[in-house]
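Worksheet for the structure shown next.
Going by the order they are written in, the chains are A, B, C, D, E, F, G and H; count residues from 1 in each one.
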């Protein structure tokens, strides 16, 4: 497994990451890590290799776009000095273009997305032992759906950045697509965004596979 | 307008119809008609033609399938002696096949749907001045989506029954499709089922057009 | 229809306009537009002409008089740069004279009302493509009721201003009067101010007629 | 004062009487008598003549018509064996005709009102030392308002019954009319039915005057 | 009646006066005057002489002593420019000496009470048409109870000040004593401080008698 | 100490005993014993002599008189088969005579009190190893207070019964009187009935002294 | 993996199993499976092998002992006709002996535990394709702790029954012991019974390993 | 008894001391002292020797370590000028090392604990008549439990400081150990930290014995 003993692993993102975590810092007793994939990852790491003493911190915030991450990057990422950083952002950057199509000032276009995400990755890189870039996703099997197509474009940016920044890529969209070959999206999430436990487990499994966790 | 002076117009259906109506009978002061298309229809009728004194009753119940309607048809429809009856059912009959695919005992198949809906229409017919059959819908533009395709099959049943029972047909799916040519489904409903006010207005307008309301 | 494609339409007023809108800005997902006539107007515009992409913003605030509007005119109207502006104010200016007759310092007299409303209209005019002035109203059929008479005087001011400012006039009082020829005010609003859905539909229909919406 | 030492005085009626009283029997500690005129009457009797030891019981129930009183007359009046009985009913009998004009089955017409109220008075008479009949009211100064006119007709029935049953008449409408010569109804009650403390004091004063309480 | 037409009558005191009034200023719609004697006084004035247009403001605050009144005298009394001022303070000054006997720093002794109350009365006097000083009270019949005896000493100060400042004296203790000749204190207030409606009516009647209200 | 190893000790009474205990049976985890003297007694027994394994059950019920105890004596005492039984009842029997003096049907007179309490003691006696009779109390130092005097009469009955039934007497009134020589009743209980922790400790100490607990 | 396609897998047990599941049947949308190991197992099965269509039902109930399971075995297990059944019971059977040591009537001794659990397993066996017996556990490393020792005795019974009934044994205690070699129990559960997500993941992993899930 | 008449006794510590006390200062009416041992101590002192007039103040704060006490020592101890001071701190200093083993920055090591506690004691000493140092505790009988062993090391520091500062030592761990010879820790506290009333009584008894209270 790539994440070494005593590492501090920080997740940042939107509501999928947040999932009701403690504020201002998502770490500690009770449900501090929220109820999503971050919590599932921490559970697997703690259960399977307690001797590794891997410290998990959840800094996701519901509704955020990459523009919002930029505004809190120093306090919420850099100041916390993680060893490993996982970023999953972009869903709201795309979603607002479709559910609030008239409020264009809150849309984050592809160019701004790529530029900002690159800047954030670069700013965090120096202190990191590992960087994980997770694609945004839309739990929809039909690639000609307009929002799915747009999300795929944002996902392509993440893949490109993962390559250029030598980060681990976690292709969450591909993970969901594998499931969607067997069941309809309605069985994971009515809104195709906020999954149930099965959906979060898909995310957690994709992350763990990405970092070489054997289970 | 087809609905005559002094008529009692009763709507029955699922959560789209229910929309938070008063229980056990959805009629009266305050938000007794709920916050959905039934309320919008009543508002238009009351505002445009108060002299018609049309009485609107909402008997929708969240989560119901045509099988559930059958169980309460006497108390919730026949006993209330409506002059006009509008039925919109079938969404949950289909949805459960996709969001809870393993619980097959709660799925209502196409054959049972057609048979039951026909029985209910026939049972109510004698006392009615007008019957309105509204198709179920799925706010999804892509007709090759599996759930959309299934919903279209149930909608076809409604169209068939409207013809055979000489009922007014309100094709809600067609009404949504017209909108979806311009905007994505996310702008009406994240879950593609429970619409916002714009979506309920689409339903209300389709109903009112169906009964010849000039506005 | 007079409101052109891509227009931003802002409503400002008191509790009738507010109707539980989101704060600080009444725009966005869920019930951001409140539950009143503004929401009904937005529903009709979105349902009937989605291709027009008209953006609706609700900036009503419960309890406000024209004096209160003046205090927030910059942040709540000018800074939001609407293309179309609809103002309905004056109900509380009058009502407080009758329900709290002894607290004269919170009464807004006719002269102050006319002067302030004129200033606000003038301040907003430059950037606007269209201005809609809606009269305040009292849902009372008897014109010799003291409060109705006073409200009519304030309504006359709005009519005068609409003429002098070349604004579209929406005579809400006339719209309610048409209804009251058939039913008592109690069927719309116990307090004769805060109407039910039928009453809000009367307001929405009057507004839409004013801007040439064919429906 | 007509109500003798040790008497049990029972009030029955609708929400004006109820005013949040304890259920099932409105007597005892804390706010058992509700927050309306019954409580004010009890306060005056207790404060001015504690040596009289007059026991006050509040059996009003919100929303009730004379038809509802009939259904609970035995348990809520006769079984409690009052010495004095005060009845104020009829507001909802009339109001529903105006706020829910289409639901005619819940309207209590004048004939049924007169007959039922007479029966109830007669049934209670035998055990009573005193009977007080209070007119229903509508806090509206203009007698040509349709609902005011209708309420006056019901009030006339009470006056007639008071005479034929030799009961004390408390003309609550007249008491409000005296106030309305000086202030608008809005200063007592937005809905013209549920008054503030000043309005309940008007009712209490009218009752106390009726039973000869000198204050 | 001594309080002239158009007068503004302000009450200040502790929880007996406060009784749940609106904050920061106890005036306006709904239960702005609280549920105590101030509300009852306002109800009687409004009901009996609406043409006098007497404006009642409640500035009582729960838990306050005369030391607390001093700290808010400018904002809560002088700035509001009352025509008539009624002060009832001292209960907590005494009570804390008995229920929290060890926390001597919050006790307000007799000397401080007299000096402060005098200062406050003098500061308010210039702008007033009438000043009413109400004694504090303890609803206890036995004068040899230690707390009753202490309260009587504070009441004597109020009587002295009323004479020297030519204020109207309202002896609330005497009013309660008259009642206590017939019933035990438990029938008015379990804690002998916060009375039920009968007890507040005793206070209201004493005040109204003091200002010459004939009722 | 008189209560032997493995004994089950059951307390029954009114709100002083109840103090928020679990229902229907006051025994078990968390705050099952309530927050009053029963809980304090159990705490002392458990802390000082855990090896005794004394089981404490709280069956007090707020508002109850001896008449209410009689109605539930079988289910709440006999069926639970206690080894030791402590009864403290009578406060409400007396209190209602003073706070609700007109509702005589709920007053429990001295004769009924003595007879019923004797019957209950006799019914429970056979299975008991020990019976403790605790006097009711009124936290008032002045014996000429009417309610204190009445309570003393009920306490005298308990003393008499303790003697005739050879029960342990716990004179709670005497315990409070000792305290009242130093501090006013207000420091224990505003209503002179429901004491704070110091007052409940006085009760617990009196009980423990009665059963020979050395502490 | 041993659990075949289309199987219905039912879990029954106490609060560890329950974990907030839907009542009366723990199956369906939202958090119907609760927040514990059952939910984690379902998530892994759904995520890793959606094509297997394994249906998971949670019938755990907080606080239950094997005696309680017996009372609801028919409705909650047999009537639901599971293909696979997993039972984890015994924690409360033991815990009550230590946290409520005096209430012996609610303790379930070893003999009753063995006999009852055997009966239940035998009753369910006929219709099953697979039976999983999970030991109860106490998250405590020191085997000489009295409650740990007692729990081990109950666990031994489960091991014995698994052998005699040819059931799959899941030794949850052993799974926790492996973790406790690295970290203190406080990092999993303050009360050593209700674990956090890491602890539930330990349970889920042990179960999945037991049924041959490769992950 | 060592605590003299009129003394002010201040307790400071963590959640065991806090127990829901009033904020910002834990003194006064109602449950100002919380529901723990401080409240029990105050109850015993008030009940047994009201003439001593000992004033008890509770300044415990949940979750605090000695590091947190240092930050509020001036406002929460020195400024309140106690005559007697009791300190019980250290539980969280140790517990966080076991329940959040990876968050080392919030662990308070033994050296820092000893140094800080010594500084605080020295800072408070000058104005004190008496200082009481209470050991932290872990309600666990097995001394080879890792957390118990660590807590014992912190307790040893307190014993050392009590000797060097001539403070009264209250060995709370020893008090609990005496109980644990008879019953398991589960009967006092599931988490072995927050005890029920029996556990708080053990603490109160240990404190009272320490200050020579004869009871």
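Details
By our rule, a contact is a pair of C-beta atoms (placed from the backbone, for glycine too) under 8 Å apart; a residue touches a chain by one contact, two chains touch by 3 or more.
The structure displayed is predicted, hence computed values, not measured ones.
Considering the contact criterion stated above, the chains in touch with subunit C and with subunit H alike are A, E. With each centre defined as the average position of its C-alpha atoms, the distance from subunit E to subunit G rounds to 66 Å. Separating the CA-averaged centres of subunit C and subunit D is a span of 40 Å. The centroid of the Cα atoms in subunit A and the matching centroid in subunit G are 33 Å apart. Here the spacing of subunit A and subunit H, counted between their Cα centres, is 45 Å. Residues of subunit G in contact with two or more other chains: 99-101, 183. Checking each pair of chains for touch leaves A-B, A-C, A-G, A-H, B-C, B-D, B-G, C-D, C-E, D-E, D-F, E-F, E-H, F-G, F-H, G-H.
Across the interface of their complex, subunit F is touched by residues 30, 33, 35, 39-40, 42-44, 46-48, 50-51, 179, 182-183, 196-202, 205, 215 of subunit H. Those residues of subunit A whose C-beta lies close enough to touch subunit B in the complex are 95, 98-101, 142, 144-147, 183-184, 186-187, 190-193. Touching subunit D in their complex are the following residues of subunit B: 27-29, 53-55. Subunit G contributes residues 99-103 to its touches with subunit F in the complex.
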